[in-house]
Amino acid sequence: MTAATDAQQRAYIAGQAADARVNVELETEGMTLNIGPQHPATHGTLRIIVRLDGERVVAAEPVMGYMHRGYEKLAEVRTYPQVTTLINRIDWLGSFANEVPFILAAERLMEVEAPPRAKWIRTALFELSRIANVVLFLGDMGVQLGAVTPVFFAFRDREFVLNQIEAVTGGRFHPNFDRIGGLKDDLPKGWIEETKGVLDRIRTFCDEMEVLVAGNEIFEARTRNIGVIPADVGLAYGMSGANIRASGVDWDLRRDSDMGLAHGDLDWKVWTHPDGDSFARYWVRLQEVRESCTMVEQCLDGIPSGPVMAKVPRIIKVPAGEAYVETENPLGIMGYYIVSKGELVPYRVKIRSASFNNVSITPWLLEGVYVPDVISILASLYFILGDIDR
Amino acid sequence: MAALQGFDSLTSGDTVVAQNIAFGILAVVMIVAALRMVTTLNVVHAALYLVIVLAGAAGIFILLGAEFVGVTQVLVYIGAIVVLFLFGIMLTRGALGEDEEANIEKRRMAVLVGVLVLVVTGGAVLDSFGDAAVNRAAPSLTAEIGDSIFSQYIVPFEAVSVLLLAALIGAIVIARKD
Amino acid sequence: MLLNQFLLLAAALFAIGVYGVLARRNGVLVLMSIELILNAVNINLVAFSAVRATVGGEVFALFIIAVAAAEVGVGLAMVLLLYRNRRSIDLTEIDQLRG
Amino acid sequence: MNTLTLAVELAYWQQTTLRAVIGLVAVLLPAGTLVYLFLFKMMSFMQSRLGPMEAGPYGSLQLLAEVGKFLQKEDIVPAKADRVVFKAAPFVVLVSTFLLVLVIPGGPDLVFIDVDTGIFLALAVSSISVIGILMAGWASASKYSLLGALRATGQLIAYELPLVLAVMGVVIQAGTLNMQGIVMAQAQGEIFGFGGIGSPFILTQFLGFAIFLIAVQAELTQPPFDMPVAESELVTGYLTEYSGMRFLMFFIGEFATAGIFAALASTLFLGGWYIPGLDPTDNLFNVIGPMVLMGKIILVSFLIFWFRFTYPRFREDQLQTLAWKVLIPLSLINIVVTGVLKVVF
């Protein structure tokens, strides 16, 4: 199934209204079930309309846009430094990572480059926000499958990561710390040592999850061979990040392109999994958190000394031109396409967020699965509502 | 059942007041529920009325000292058969869910036949058994029932077993898709 | 307690069941009415058993319960098949062998 | 026919009232204890948090606060719901719970009804709750509720069979369906000629005990068998549309039934109110019996809730496969082996 045409959409909505009218005599054969927009499984306002035959899904259609906040338009009336405040809130769990590609694009247009120290700190914070983001997924996946306990562990240990981010940036969720030409501030005293302790905690957490969640027989039964995405289909739908790496595609922008961060100087590995099922997605993310820990550790050891801010004018005017920069964010590839006319505000900002593409595969993926698997597949695709709707 | 034991302390001679009261309540509830069951238009309601009738029958069995039959009634009828009915109705709603009013002459005939059956059997019953009394000394023992099933009634028991197996296979064959 | 009161109750249930079988057109309701009839028989059996102070009647009541379960299983399967093939379970419409 | 052996002679209505009050206590006290001990505290400690701490010492009055909260809430009936059925459903579930407690003995003379069919009656009335669940799901006029109810029914029917079959082993060994008789058989039995600890059937019927616990877990629709109320997909299944008092009734039904099933398991497999070393006919057991039973209930329900808080849930077809292809054959084998051994020895 490809994306629905207008007529199909309207037919769905009409069927929806008709179903709302049926009296207490409900059907299950050919029943339409609304998962969302307000539903405990979607942790946000994603709505998925599924047509069921018994417990089997005949067709599924994601309806997006319940939380659209118009960031692309808003960005056109904000100055460049103001935009970072907005885009922080796209993927709210890994906010710092949202700022990076935008700043990098603006820097490319202005032809300034952040000093090495700023780059290394950026990399550390970038990976820390990935940890903060994905750790929550590792616990939340358990909740979606009925195990309540892991998510509490995830929230507990994510707190330590957030503390470290807060110690540097002053903001737990929305740091707004990245500046064109560098960073707002240097690292606080003693931060490096504390962070190393936190990384140890996260490693322990990963070991726990490996035993508690990934090692559980029921978890395996619920995720293995469920929601299999072949590599070519995933690529055709524009999936990225851990979702596509779990299908065996060895593609990671941190290694494959020069994102302008310090990843090239670090020693790390891109994890892939050949299966492409829900379990593979969980497993790959688990390994990536561990990998991120190593990266942050190397960053902490290798931060060069020097300033954290390059010379930039006090009032930032970006020269006319266009630039597109994409980075490997926690949820997948995030890119900003900036068109500038040389003014205080960007002329046009186009945001490519990972989750939008990642959930667009659902009509294809959910066809023929059972209702319980809808939830486990959605959970394993790991989207953030803000990242879908922007 | 808790009440039943106490009734024994009330026994005086042949008159068992509490048991008669219990019977009266059960009988009225059962007949009203049965009537509602065959007249209601909503099939789910009909199944729920059937539950009341069946539970009443279980009560009657216990009143008659047939504990094991009463409990079996609850387990098989309420726990399985009615659930099967409800399940079937809910799985296929629509046509199974509603029953249009049957046509008038058909209903008139049915009422006639029903009343006839009641009058004939009732008359026959009153005529033949007069005022025989149920003298329940103690509930019948489950062990006794078990013994007689596996000695005296072993052939019917085996026949029922084969029938159940056949019905199981038959139901699966009939209801299978494709 | 008199034997007659149980027998009359059973007779009433039996008559109501007969009415249900004859008057209703919904296959499921007809099956339920048959259950009513079987229960009336059971009450009789158990009552006689109590009067005679033997367990024979109770044993047969148990057999009837088992048979009723089998009957409902097959009967409901047939009704479901009917519904699947004809989108209706009105028994008055089922008057021919060829679907 | 046992009556309560008390110093004073009680009239029939007094006895009945006393039984009703004790029944209420026997249902609600274990339920409340389990909710506080396991749902509030053990679960919190497993999840590295404290749980309720404000109401009373260590949050021990939290339960009362919760009940008060539920009682104040509005009793909402959805507009399209079948009002009568919707309102009656929680009562049907509670009836099943209260009937269950009747056969559980708390001491040699402490028993509500000492019926011949004992455990069979308990298993029969436990199946009534299915009707209540179907009523709730259907009458709510909500798709989540209906799907939840259908799932619950399929599951409860499937696991009713291993539950009954697992008990059969005990019944064969004890030679009676009567609960008091089963306790006595364990209290006075011997294992290979050694009678020091009696013969708790958990030793000889361990397979039965394991199957019983798994089936109980499914009957309670708890994780890993909580597909019917799976909150991440069906919101809360057949409970979705319920609020206030009626939700509370379902909640009490769930936890009271957990307690009663734990009591059944302790009576069937752990010797019930009996502790080894004492004479089971001792009048002392009428006093300490309920406490011993309560201790065993807590022990068994610790297992039940431990599973509950640890495992993710099975999918519908997976749990059906588990019931039909693993548990039922295993329990049949258990019955055959028990029968053969019973005849041989």
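Should a chain be cited, it is by its letter among A, B, C and D, assigned in written order, with residues numbered from 1 in that chain.
FYI, contacts are C-beta pairs under 8 Å (C-beta built on N, C-alpha and C of every residue); 3 or more make two chains touch, one makes a residue touch a chain.
Values in this document were obtained by computation on a predicted structure and should not be read as measured data.
Student: Select the chain whose centre, defined as the mean of its C-alpha atoms, is least distant from the mean of all protein C-alpha atoms.
Tutor: Smallest offset from the overall C-alpha mean is found for D.
Student: Farthest from chain D by Cα centre, which chain is it? Let me know.
Tutor: Result for max centroid distance from chain D is chain A.
Student: Take the average of all CA coordinates in chain A, do the same for chain B, and state the distance between these two points in whole angstrom.
Tutor: 61
Student: Centroid of chain A to centroid of chain D, CA atoms only: how many Å?
Tutor: 44
Student: Measuring from the mean C-alpha position of chain C to the mean C-alpha position of chain D, what distance in angstrom results?
Tutor: Computed from C-alpha means, the inter-chain centre distance equals 33 Å.
Student: Counting only residues that touch at least two other chains, what does the list for chain B look like?
Tutor: Counting only residues that touch two or more other chains, chain B contributes 68, 72, 80, 90-92.
Student: Among the residues of chain A, which ones contact at least 2 other chains?
Tutor: Only 26, 28 qualify.
Student: If you look at chain C, which of its residues touch at least two other chains?
Tutor: Touching at least two other chains: none.
Student: If you look only at chain A, which of its residues touch chain D in the complex?
Tutor: Its residues touching chain D are 23-24, 26, 28, 31, 33, 35, 39-41, 55, 142-149, 152-153, 156, 213, 216, 218-219, 221-222, 370-375, 379.
Student: Report the residues of chain C in contact with chain B in the complex, numbered from low to high.
Tutor: Interface residues on the chain C side: 1-9, 11-20, 22-26, 28-29, 31-33, 35-36, 39, 42-43, 46-47, 49-51, 53, 55-56, 58-63, 65-74, 76-81, 83-84, 87-90.
Student: What residues on chain B touch chain C, complex-wise?
Tutor: Answer in residue numbers: 16, 19-20, 23, 27, 30-31, 34-35, 37-38, 43, 46-47, 50, 53-54, 57, 60-61, 63-66, 68-69, 72-73, 76-77, 80-81, 84-85, 88-89, 91-92, 95-96, 99-100, 102, 106-107, 109-111, 113-115, 117-118, 121-122, 125-126, 129-137, 140, 144-145, 148-149, 152-153, 156-157, 160, 163-164, 166-168, 170-172, 174-175, 177.
Student: For the complex, give me every residue of chain B touching chain D.
Tutor: 1-6, 8-10, 44-45, 48, 51, 67-68, 71-72, 74-75, 78-80, 82-83, 86-87, 90-91, 139, 141-143
Student: Which part of chain D faces chain B closely enough to touch in the complex?
Tutor: Chain D residues touching chain B: 1, 3, 12, 15-16, 19, 82, 85, 102, 112-113, 115-117, 120-121, 123-125, 127-128, 130-131, 134-135, 137-138, 146, 149-150, 153-154, 157, 160, 176-177.
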